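You will see two complexes here that share chain A, one where it goes with chain B and one where it goes with chain C.
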Partner chain A sequence: MTTSSAAPRRTRRGTDRKPRFAIAVTAAFFALLYLPIGVVVLFSFNSQRSLTVFKDFSLRWYTAFFQDPVLLESLGMSLRVATVAMAGSLILGVTLALGLVRCRNRLGSLAGLVMLVPLVTPEIVTGVAAMLLFKGMQIPLSTGTVMLAEITFSISYVTVILRSRIAALNPEVEEAAMDLGATRWQSLRLVTLPALLPSILASAVLIFALVFDDFVLAYFTTGVDPQPLPVRIYSAIRFGVKPTINAVGTLMLVGSIALIALALFIPRLFGRRGGLDLLSGK
Partner chain B sequence: MTPVTTTTTTTAAGPATGLAPAVRLDDVCKRYGDSHAVRDLSLDIAPGEFFSLLGPSGCGKTTSLRMIGGFTDPSDGAILLGGKDVTALPPNKRDVNTVFQSYALFDHLSVSDNVAFGLKRRGVDRAGIRERVAMMLERVQLTELADRKPTTLSGGQRQRVALARALVNRPQVLLLDEPLAALDLKLRRQMQVELKQIQREIGITFVFVTHDQDEALTMSDRMAVLNDGRMQQCGTPEDVYERPANSFVASFMGTSNMVPGTYRDGAVVMDEGPALPVGPRQGIAENSRVNLAIRPEKIWLSDLAPGMARVTGVVRETVYSGPTTTYLIELTPGVTVSVLEQNTDRSRMEDRWSGGEDVEVGWLPEHCLVLN
Partner chain C sequence: MATQNTTGPAQPGLHPDDGPTRAAAAGHEHPTGRPHQDRRHTRAAPDGSAGAGDRLWTLLMLPGSLWMTAFLIGSLALVATLAFGTTDPLGNPRFGLNPENFAALAEPAYRAVMLRSLGYALLTCVICLVVAYPVAYAIALYGGRFKTLLIAAIVVPFFANYLVRMYGWSVVLSDDGPLLGVLRAIGLAGDGTRILQTAPGVVAGLVYGFIVFMIIPLYAALERMDVSLIEAGRDLYGGPLRTFFHVTLPATRQGAAAGCVLVFLPAMGDFVSAQLMGGPDQIMIGNLIQDKFFQGQNWPLGSALTMLMMAVLFLGMLGYLRRTRKDEAEAVR
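Our next item is the complex of A and B:
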């Protein structure tokens, strides 16, 4: 190094220089995160059965998937379960969140804490517990039991997301509605729920995505036939990996990305930013 | 009947008219646990009056307003609107509307839907709603913004939407909870004039909560000064300003100079100064410790007239503020009064009192108050 280059170097020590190390770490992080998924997507278009050598571009595994009645049945079931779980947990979760925010006594804060337990309980415990409960009550495992288990599991997510939004609402707005002649129920329906709509829709998307590809809970609570798609995929893999699975995986990935894009887009519709905040649970 | 005299009384009774008072509070109390937010508040507000509830924060003025609106239940006492007891009625069953401090607009509805909200709840037909909303929006100059969402409006515009949303229902009484507090000074002055104009035009009773004395003085027909949950004084702005009932009101309503002394023979004798004639005062015992209260603008610095209370002091500070100049004058050690002078001839004033000089000040005995 010559002395002449020392001076400009010092001026580059400001905060505006490029954070090379941080960029490298970030790049490595994304590579590790997405490379395996990239491989799945790539090989879903392979014309060969091989999972190591990519030959030609082909849609044969997609065709195979759409001609497989068992897989299609599982897809249908997963969609039904996700839809019902979404609706059920929204109704219960929003109601619970409203109650928890407005119930300001000791019992209310206790309920608020208990509500968080499902979020930190290992899912496998929840799954086994649900299965034992159904068995103990002699309820045969079926699509219905999966739905019940998924609803129970999802309520906490809805409540956590909605509770912070409700707490941030200006209480004077509901009072204003009543001041203008609305009953309690009308002010909830006409003012509070519309104000919460972006959060409600965002949590709907989140719950749908979570439940649709949930494996653990579904595995313990499903009957034999039909099985939710993730459980079906798992069973199929035990008898050797077929590239059809790659195609299914890719389709699920596309679906999830579409849902997340929707969740980001919904708040924009209401002239508000921060859909991502809702998904990250802030 | 001589209805004129009652308007200037300092009691809580409203102007004498044949009608039932628009609002009557009858011994209203609000307790939270052991603490009182409002104690034994009794008030009559006449139809068409612009009535202010004035006091520092925590004095109970907003709680009182919320009890009239039905958002807070009184612990004791009764609330009457137009002669009817509404104490047990919820807000949606009371013929009052509120302009909230936060405006509390419905952000998911357009400006015109916000204004139409109350009319829809009351089952007014569509054509009627459209007509009244359009008229109201025009009155508050928001016609162009009718389709906008409240979040895209400025503070002043949002304030107008809140006002229109309440007034379009033509309530008996409009409650306003510090509606101008969030606006900047210039806009606030402008809205004060506008609010007053609207009130005069439509003749609805306004109950206006504020902590700003100037606002209460300039806008009200009558006002009640509250402190610590109790009403200190109720009367016209002139009553309250010129004849404050106690030292709290005197010091809360603008600046008041307090000169301590002993009341003797119709004068307040300063501890280390002259006797200041005040004339005979009722209810003040001979030789009792008192405060002589005198407003800065009532003190004269020149051309003292005979019969004035006079005392000599030292000019300690001169504060020039455009149209007026305030002089801080030390009468005796520890007793300083501020004196407000109009700058009618600014250069002359500057020459005479640049600070540190002796000056004789005086005031008319009837302009000062003697407070226990």
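Our next item is the complex of A and C:
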């Protein structure tokens, strides 16, 4: 977890020349990585329907989106699902992570295994399974079922992110609080949780963005009306593209990129290491 | 979908390099941190007579793990059970104990889709590895102070909406899209060349969708690698290529293996890429599953397909775990 900061290997390698090939591949990779995103953003401002010829700058597709009651309803539903899933998975995930790190019995290792299952299962499998479960229990598919499925799925993320943070905490601080008369619960609430706050916030933002953007699980667990925004986008893409999708897509890109960037940099706002270790190479 | 796999390898058993860190952290807790009473209770945990501390932690753990067990394990068990079921004449699923769904999957039509999915997913892994390696290499070793920024510039857009990205990619690859335009201009593509509706199109979609899962573990491995090893290779008169194949590549093999697993899992289960980039001849197992649950209304057969896919993935994971165990054993020796 501490690869980049701990190792004092900043010695410039004695390489006489730069690897031109690797740098060329990297440049081409970045071009192809951003080209599709750029295309969506560019043509969202096109005054014409065309996806190949850019005529004039126009906001008509954005206006069209904000006047489309179906898409707005979907937007509302996606926001509600993301909020509920974020809250639910945080409560269940933070407690689970605390328990998993501290609890050293057989139940703990079993729960640790269960928690890993969503991470090694393709989403289509969890989607199909959730749909069958709801159908089997005679629960009609609706906004609520999407929320339940997304919570289940997000608990693992929260737990994985927080687990390593909790394990890295110094337990002596908690012990010190208890030596000073705090109960175990008080030391948890007053010492441990505040120390975890950056990571908790970061995972909250991340979960919100992931759930809002999630397509597969939502696709299998949603009812017919309303449908989450990504599901609507999917049908729009399949059955003839309307340029409105470019506008929706651009708004979603901006939204989730902002959220992810926020999640990655929240720990730095607190001036601490922690949160998501994606950027330091795990 | 994305972090699911990114964070995956941080878990014990999945990520070989994480073991020592966590073990150290755990070992540290006991001798220094915990008072004696606590240690005794930890020992006594299995027979249920845990002390106040352990009871609190178990209690904290319960809601989350019960939820996961009920929804996740319960639903997966349902899929496994229904895979042996049948449909009645109205198309409603019926539970049962007949293996005929799996027998049906042995038919050539299904076998072809299965093999195709496997082929696409493996090809996706190979292409991701070949593209991601130079990228990770250039950033990790030559990124300088822009390292973090560059990796963020890769990671952040990958967490943006998958469908929007895939849709943009399909526009780029389309017949009158920019990529074919450039290829035609430099004479690499003829007038009739297409990418969409072909197998390369589907694989291109999968690569675009999941390559970040290859870059992150490779980058981590290269970051961790001791660069003086490369210098040593050069000092010993190894050419750049020889040094690379004898020093750099072996040192990052575990990162590459982790990346392959992380790409293979979602690529096998994907149905969006085949839907947007491919035609009827490119459907993958994910499309079949989707079809059986929506249009086809044959849930037992869909469940059997799902189980089959899980079995293939399970074998892949097993292979990966054995590989890393062996690597670890060799490292110890």
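What we mean here is this: the second predicted complex is superposed on the first by the 252 of 282 C-alpha atoms of A that agree within 3 Å, B and C clash if a C-alpha of one lies under 4 Å from a C-alpha of the other, contacts with A are read in each partner's own complex, and residues count from 1 in each chain.
In the analysis below, contacts are C-beta pairs under 8 Å (C-beta built on N, C-alpha and C of every residue); 3 or more make two chains touch, one makes a residue touch a chain.
The shown structure was predicted, so the numbers you read here are calculated from the model rather than taken from an experiment.
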item	value
Which of chain B and chain C A:Glu172 touches, first, second, both or neither	both
Larger contact residue set on chain A - chain B or chain C	C
Contacts of A:Leu180 with chain B and chain C, given as first, second, both or neither	first
Touching partner for A:Ala195 - first (chain B), second (chain C), both, neither	first
Contacts of A:Leu141 with chain B and chain C, given as first, second, both or neither	neither
On chain A, the residue positions that both chain B and chain C contact, one per complex	170, 172, 175
Residue ranges of chain C in contact with chain A within the complex	1-11, 14-15, 17-18, 21-22, 25-26, 29, 32-35, 42, 45-46, 50, 52-54, 56-65, 67-69, 71-76, 78-79, 82, 131, 134-135, 137-142, 148, 151-157, 159-165, 167-172, 174, 176-179, 208, 216-217, 219-220, 223-224, 226-228, 230-231, 234, 240, 265-266, 268-272, 275-276, 286, 289-290, 293, 299, 302-303, 306, 309-310, 313, 317
Chain B-touching residues of chain A, taken from the complex the two chains share	170, 172-173, 175-183, 186, 190-191, 194-195, 197, 270-271
Complex contacts: residues of chain A adjacent to chain C	1-4, 7, 9, 11, 13-15, 18-19, 21-23, 25-26, 29-30, 32-40, 43, 51-52, 91-93, 95-96, 98-100, 102-108, 110-111, 114-126, 128-133, 136, 148-149, 151-153, 155-157, 159-161, 164, 167-168, 170-172, 174-175, 184-185, 188, 206, 209-210, 213-216, 220, 230, 233-234, 237-238, 241, 245, 249, 252-253, 256-257, 260-261, 264, 277-282
Contact footprint of chain A on chain B as seen in their complex	69-71, 90-92, 96-98, 100-102, 104-109, 117-118, 121-122, 149, 151-152, 165-166, 169
